């Protein structure tokens, strides 16, 4: 609550007291029943935030999308290689390389001192998901890079020994990338949840499933766009399973939310989440119904899945940032937790 | 409110200088007293040092108290249409000083003699130089001195508080002339040192009905 | 490394971090009941550590939070004095209205040695109360910032404090989101994370931190954390005996969500009134659960990928 504009409003009387707010009803509007949760009254320091907002920009959300895409296309590339689907293999390996490059760009440029990005390699620290992710990327990156590079060697150079070596390394590299891909697309959920940000920490149980589903949907979607229908079967299956998982996990996540639900449902973030769900659902239906028959349908479905995945990451990112700006997301749940503990064992 | 113990109200040996260019606000009971209905007191903040010329130059101090403000009670703010952190100007017969409004319950209206008296407070550390600048609060006071070491009275006076920024340039002069005319300020205003013996203490060659510059008789 | 390295009471913080034979843990006990709001701590800290002051862009801003124009802790504020004005809430609060009703002068009361509101609990506070408190980095036993730092810039010193090494930090900003108190932040224009160092350089020479040195009322007490805790317990008991029921210790309990703080406080109202979280918990407490869930999700991802290729040849 910023200093009021109304005449006579003080440095608010007992300025730590903010007006009573009631919890909004969960579920749809118009159900007419009383809220079952008590009114959330809380105090704060002039309504100012308790936490600092994340210093990360949207680049981190784009990174999470790109990283998920890189992981999804990497596993498809390895599988395509092993099951003799050269068009799918080529498309997904290149997609994985492109997404990897984008990932690295977003990560490094979001640093306060980008020239010091290599300092991440000083330590390997299990309590830091970012450190874990650094090493996952350190393993995934060269592997996916090699596999992708093998696809872009020009024909006239293929006979040279470096190119032949590269071609021979391509499969093991692709397999290595696929082996690290699951870690790549799941650690980002821990990255967000392992913070004090209420909007991210509270959904720590469900967010990994949302993110891997999103990664699979985007990877499969890319495969459907870039590979002919005949070879894109596994991409369609992967995309459908991923999209369904993303939608289901997302619903479960929202159902279990407490106060942070308001940050996820209202305003700009709410619109992004609805758009994400709509796009992913459309992509899922398209994958099931048209992608098998028509390339146009496949491309449209793939684009929808990619859009849904991107919007998913951006909306989760923004929801978290939102929850750091209003002190009630910190104070109210913590006060309730304290009260519950006090009820169980009264104060000494 | 009258001091009930003495007939004499106020130090009878204080130095007053009745001059055209040294107007004072009217005393209680004098004509025009209601034009300045509020009590203004000034004192210090911890973060700045006296007139502030030195402390306003230091970044670590300037950021701790960056602007002149006037503390008013919620009741006065309602009465005068002042908003917290809005601009206001404090007016006496001598000057108008602009300050941000700090509405706080620490300023309590007093109930004296059957009526409500509002008080406001300002720190006096601001001036035109430094990292943070503001109006000079001591401009609001006339020159009345204590009889021992001749220190100017700069801590208590009456005033009016109005919302919004103060006028500048010619408009400021016009405002002050208007206020002085409204209160009928002359060179003799509030120069009666001996209560009950209305003898104005005037400088030589000053006539009792001389008004401040620009104010018509 | 035992489990309580990550959460729960931890007796020797510096040793657990790898220091051999470290000195006793040092910290702050900030007794806000004697703070006079002079902000000497803010100035001394900035002066000693060359922390930038505000400029036209950021800092010269009248915030209107009573006398607080700093706002909060941050990259450019490592000690922050908060001011909270609390009008009376007791039944005799509206003296003015009462006096008006009876057409009598208001009784301001004779000056006394106790401060208004001291003698009774918050609910019966009959007069205005002005709380002042100097906030600082808590140097938690289990520090959210330290746990998530991926470069090792944040480290645990031999004194048990938490410090950012400015030559290593690459400004990833993870610590900013890791802190449950909202203390550490990235400095604009500099790119690196900054926070109170508990004057690590002064500790090396046996000096007390700048803020503790400057504090005129000894509101900021510096010393060995064990001794400070004892002193705080005694001070709390004394205040309670005097009838200041609203006094409480914040960050003293080693069973709290961060394992107790190296810099803890005596407050006169609930923590959130001062802008502090009522029940902060270091995210690392749930690290096990988070990684297990991530592992399950990763396994599902891998299974889906394998299944996608096994599901028929087309």
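Observations, loosely collected:
Going in written order, the chains are labelled A, B and C, and every chain counts its residues from 1.
In this section, contacts are C-beta pairs under 8 Å (C-beta built on N, C-alpha and C of every residue); 3 or more make two chains touch, one makes a residue touch a chain.
Keep in mind that this is a model prediction, so the values were computed, not measured.
For the pairs A-C and B-C, the larger set of C-beta contacts lies at A-C.
Relative to the centroid of every protein C-alpha atom shown, the closest chain centre, again from C-alpha atoms, is found for C. Averaged Cα coordinates give chain A a centre that lies 62 Å from the centre of chain B. Distance between chain A and chain C, defined via averaged C-alpha coordinates, is recorded as 31 Å. Mean C-alpha positions place chain B and chain C at a centre distance of 42 Å.
Within chain A, residues 3, 11, 13 each touch two or more of the remaining chains.
The set of chain B residues touching two or more other chains comprises 84-85, 102, 104-105.
Chain contacts: chain C has residues 64, 66, 85, 87 touching two or more partner chains. Only residues 45-47, 59-67, 69, 84-85, 100, 102, 104-106, 108-112, 114, 116, 131-132 of chain B touch chain C when the two sit together in their complex. Of all residues in chain C, only 37-39, 42-43, 46-47, 53-55, 59-62, 64, 66-67, 69-70, 85, 87, 96, 99-100, 103-106, 128, 130 touch chain B in the complex they form. Touching chain C in their complex are the following residues of chain A: 3, 11, 13-16, 42-46, 48-52, 54-56, 71, 75-76, 79, 82-83, 110-114, 116-117, 119-120, 122-123, 125-131, 134, 178, 181-183, 185-187, 189-190, 193-197, 201, 204-206, 208-209, 211-212, 215-216, 220, 230, 233-235, 237-238, 241-242, 245, 324, 327, 330-331, 334-335, 337-338.
Across the complex, chain C meets chain A through its residues 6, 63-66, 71-72, 74, 82, 84-87, 89, 144, 147-153, 168-174, 176-186, 190-193, 269-270, 272-280, 283-284, 286-287, 289-291, 293-302, 304-309, 311-314.
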